[in-house]
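In structure tokens below, several structures.
Shared between the two complexes below is chain A, which pairs with chain B and chain C, respectively.
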Partner chain A sequence: MENLVIQTEKLSEWVNEIIKKNKVFAPVKETDFSNFKIVNDYSEIDLSFLLPMVPAKKILFKQTETLFLFTPGSKGEVKSKEISDEKLVIFSIRSCDAKTFSILDPVFLGDYVDPFYKKRRENSILIGLSCNKPNVNCFCTSFGDSPASRDYVDILLTDLDGKYLVEIVTERGKKFIDDYKKFFASASKEDLESKEKVEKLAIEGITRKMKLEGVSEKLGKMFEHPIWYENAMKCIGCGTCTFVCPTCHCFDMQDESTLREGARIRVWDSCMYPEYTHHASGHNPRPARMNRVRNRIYHKFSYYPTNENIVGCTGCGRCIDYCSVNIDIIDIINEVGEAKL
Partner chain B sequence: MVDQKQLIKTAKEIVSREDVKYIVGYKQGTYGFVTSPAFAYTPEDVESFIYNPLCKKNLAVYPILEEKLPLKRGEEEDKRKIGLVVKGCDSRALVQIIQEKGLVREDLVIIGIPCKGVIDLKKIEKRFPNQTEVVDVEENDNSEYIIKIGDTVHTIPKEELLSEVCKSCEFPNPPLYDFLMGEEVEVREKEVYSGLRGLDETPIEERWAYWEKHFQNCIRCYACREACPLCYCKTCMADMLDPQWIRRSVNLSENTAWNIMRAFHLAGRCISCGECESVCPANIPLMELNKKLEKDVKEMFKYTAGLDTEEKTLFGTFNPDDPNEFIM
Partner chain C sequence: MTKSSDSKISIQNPYEPWLAEVEKITKEVGGARAIKTYKLVLQDEDAKKNFNFIPGQCVMISIFGKGESMFAISSSSTQKDYIEVSVMKHGKTTTALHEIEEGDIVGLRGPYGNNFDVKGWEGKNIVLIGGGIGQAPLRSVLNYILDNREKYGTLDVVYGARTSKDICFKEEFTELEKRDDVSVHLSIDVEEEGWEKYVGFVPNNLMEVKPSSENAIAITCGPPIMIEYVIQNLLKLGFNEKQIFTTLEMRMKCGIGICGRCNIGNLYVCKDGPVFSYEQLKGLQGDM
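Moving on, here comes the complex of A and B:
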């Protein structure tokens, strides 16, 4: 489709125009990290961190979602929750975070359609930003993706030092950008070549590699392998890896009420917690940390590829970055690949 | 510096004993400055053990995390001891847990390390971003860290990378150990914990805004709880459903409730290892809360946690002279 450029100094004007008509989520600086938040002015945005701590999944699949409201008691009633029709823009989403949605779609738009996710998915424009300088634990290339991939976004920006290349990827992206034509000029052949160079450098900057060949099949025969016990020994059982994961999507549902009003809420859950599989009978099918550590890997690299034909990992590296005991998913999968059965 | 050879030799001897199940120490991590807990079951496993200023993790959490799964028919409980490598604060954690009868002294074999302070991983990663290759760090006699990255040697003043909690550490030597690696280190005149000023001196509105900003970033992953050796309640109040002390909704109100309750439940128990803060993905300055409570406990009850296994716990005792101004 069309390729445009925008001068770096014009970027803020453009984004501020977008903010007038849309709810814009963008990385905002916190204490030595960034997070996606709603921004009211371009000046709030901070692009100096590669990946916001909580991935962009939280915008479409909120950590806490009110499903419906009710008044408790025998004369109580249920009130449905209106789903907002507001237009969303996710600005500066990285390719790994954008890929999230193609992995989550089968879950939330498959057999049972989740109206909240669906509405937001339909209403959101993903404006991607190529990674010029990947992090130490980035490995999107292991999945055949690129830090400057056009695959999962509507519009892709690439910082070409002084200006941004703006690649229009989808019809929705094209329709969206039509309102802002005045900010852009056509991209030249040199601009596209510059992007290629930037992309090549970024790919070279990714030093870690996950070897995925045959892993899904092999996992089928490794259910009792010592590797799960080894990693479970050092796992402290927190939920950080699953909460910062762009593809983990398990949730819990709870009724939270006072005497007069209540709500059924859906909240992110984590398979790292024993409570996650704790039956009302008292039985727990995943009683040990080993079962839980194994499940996280199997869900992403065995069950998900089997059921949905796609690996449930985007290679963002957050679970490695944030793990306090160095449980390293790249190492685990590579060890699986090398294990002699 | 701790003599790594001595550490490995001692650990090998311990793990060879018939009454020892395994020993937990540190090994090189998979990238950059990261170290990893290492579980050694045999003397060969011990070969991978390291000790350097990057070994921050409080390993005292592991005997607490030991899983006691239901035994199969005919199976007997493995009652062998667990070996542990501990620094001053880690050892204090063990003392505190033993005081509370959460662990039995005889179930542990403890290698104590006189500690000169450890590096804050977040600080060193900020200083040397994107470090893939494994890095070697040493401390010299001049209070500097010698960091070898590839062919380049960086010499950095210790203060710049040292964990904030270590700067105000009063107990660098383990109070409880079976084997001590090297001589006890000298306890220097300590500075007051930097984060305390915020809670003691800033006006209440500013203070509230500060904590609001931090608590709204909490994702309730409970890394602070799981990493803490003193957070070992069988059922945490945050997990209870009936009564539900804290709702599962992740919002400022519930996050505040969680973080405040966590801190209060550690009053008179926290041993200032700083583990909660260093594992927090949202960089919430949890040690500021812990240190404030530590200070109050010290001033009001003249009590310091984790020094003597025979001592009674703060909340297990009372004195008619205890201050009670805070009781309405």
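Moving on, here comes the complex of A and C:
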């Protein structure tokens, strides 16, 4: 589709125009990391961190969500929760975070449709930002993706030093950008070549490689392999890997109520906790950390590929970055590839 | 809300339950492992009209403010105006359920999961093997078969509980024993004064009953250890893997395959289960 450019000094003006009509989520600095937050002015945005700590999935699949309201007790009544129709813009989303949604779509929009996710998915415009300088644990290229991928966003920005290349990827993106024509000029051949250079450099900057060939099939034969015991030894079961993961979608449902009013709330949960699967009878199908570590890996690299024909990992590297005991998912998968059966 | 596209029920939010009135509560078992059966009637006429299920399927029951849990429907789908669930007092939600009274309101959504292939089993001899509260989903099949008795062959019901006081649906078993088109084989685990029927575990009683595997389907539900030995004994009796069915349980929250926790391998018990043939079960690789 159309390729445009915007001068870097105009970017703030454009974004501020977007803010006037949309709820805009963008990376905001918090102590020594950034996170996606609602911004009211461009000045709040900080693009100096490659990845916000918590992935952009939290915007569509909120960490806490009221599912419906009720009157507590034995004469209960239910009141539906209205789902806001507001227009959302996720600004500066990286390709690994944007890919999240193509992985989560079959989960939330499958046999049963999650109305909260659906509404926000339909109402959000993804404005991507190419990665000029990937992190040390980035590995999106292992999945055939690129740090400057156009695949999962509506509009893709690439920093060309002094200006941004603005690639319109989808029809929705085109419709969206039409409102802001005055900020853009057409991109030249040189601009597109510059982007290619940026992309090439970024790809070269990714040094880590997850070898995925045959892994899904091989996992089918490795359920009882000692590798799971070995890798779970270090794990302290904190669950951080699941909370910073762009594709983890497990949740808990809890009732919160006072005497007169209540709500059923959905909150992110983690398969790394024993309570997650603990039956009322006392039985637990995943009682040991080994079971839980194994299930996490299998879910992403065996069950997802089997059920949805896609690997449940985007290569963002957060679970490696934030693991307090240095468990490394790339090493585990590569170990699977090398393991003798 | 049902998966089938012909359903006219359109609830936008699959997490939001309908309201159901508790029309009747039957105390099945008392004491520490108390069991009660709840007869539930949907308040919304459209929902009531369109609520269709097949034995084996489950529903999510809410006590507002306390929580929500998944239960097997224990009534037969031939009963159109109500459903029943039979609940053992065990955790937070079930304890709250045991405190409610007739006329109270609970939340209900479903039906969920797959089902027993009762239509496909027409013409076959049926063996039901239950233990404790595991009889709940079997009761749904049992009553379905009784309501369509002429469509099935012989019907054997093997059931056991820890003591005679722990026998669930006691009155119904008594009524059942009077019929000549059903063979009932009750047992208790340890000897008791006045008990003249079998004493011992359900798998052992099954070996006494010795049902023929010919043209038969066996369905078992109960504690995991019981299921394991029942299956072993069924194999000894000549049943093959395709003739043996069980229904599994897991901790569940959403009931619709999204929240993640009830998986065994790549299957979700809430959506892809709870009914599995032994053939499927054997091929499953996962934490159970």
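Here, the second predicted complex is superposed on the first by the 338 of 341 C-alpha atoms of A that agree within 3 Å, B and C clash if a C-alpha of one lies under 4 Å from a C-alpha of the other, contacts with A are read in each partner's own complex, and residues count from 1 in each chain.
Keep this in mind: contacts are C-beta pairs under 8 Å (C-beta built on N, C-alpha and C of every residue); 3 or more make two chains touch, one makes a residue touch a chain.
No experiment lies behind these values; they were computed from the predicted model shown.
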(request) After aligning the two structures on chain A, examine chain B and chain C and state clash or fit. (result) fit
(message) Per the contact definition in the header, classify A:G312: touching chain B only (first), chain C only (second), both, or neither.
(response) neither
(message) Going by the contact rule set out at the top, does A:Q254 touch chain B (first), chain C (second), both, or neither?
(response) both
(request) Mind working out whether A:P52 is in touch with chain B, chain C, both or neither, as first, second, both or neither? (result) neither
(request) Could you read off the angle at the CA centre of chain A, spanning the centres of chain B and chain C, to the nearest 10°? (result) 90
(message) Just to be sure I read the superposition right, which of the two partners does A:G128 touch: chain B = first, chain C = second, or both, or neither?
(response) neither
(request) State whether A:P147 touches chain B only (first), chain C only (second), both chains, or neither. (result) neither
(request) Determine, under the contact definition given at the top, whether A:G239 touches first (chain B), second (chain C), both, or neither. (result) first
(request) Examine A:D111 and indicate which partner it touches, taking first as chain B and second as chain C; both and neither are also allowed. (result) second
(request) Name the contact category of A:G262: first (chain B only), second (chain C only), both, or neither. (result) second
(request) Please state the minimum Cα-Cα separation between chain B and chain C in the superposed model, rounded to the nearest whole Å. (result) 8
(message) Counting contacts the way the document defines them, which residues of chain A are shared by the two interfaces, the one with chain B and the one with chain C?
(response) 252, 254
(message) Help me check something: in the complex, which residues belonging to chain A touch chain C?
(response) 67-68, 70-78, 80-81, 107-108, 110-115, 220, 223, 249-255, 257, 262, 264, 266, 269, 271, 276-281, 283, 285-286, 291, 295, 298-299, 302-303, 306-307
(request) Going by the contact rule at the top, pick out the chain A residues touching chain B in the complex. (result) 30-33, 35, 53-54, 63-64, 133, 135-137, 205, 207-208, 230, 233-234, 236-240, 242-244, 252, 254, 256, 265, 267-268, 270, 273, 275, 287-289, 320, 322, 324-326, 328, 330-331
(request) Could you please specify the touching residues of chain B with respect to chain A in the complex? (result) 29-32, 34-37, 39, 57, 61, 65, 67, 69-70, 122, 126, 129-132, 213-214, 217, 219-223, 225-227, 239, 247-251, 275, 278-279, 281-283, 285
(request) In the complex, go through chain C and note every residue touching chain A. (result) 3, 12-19, 62-69, 90-92, 94, 100-101, 104-107, 224, 249-251, 253-254, 256-266, 271, 285-288
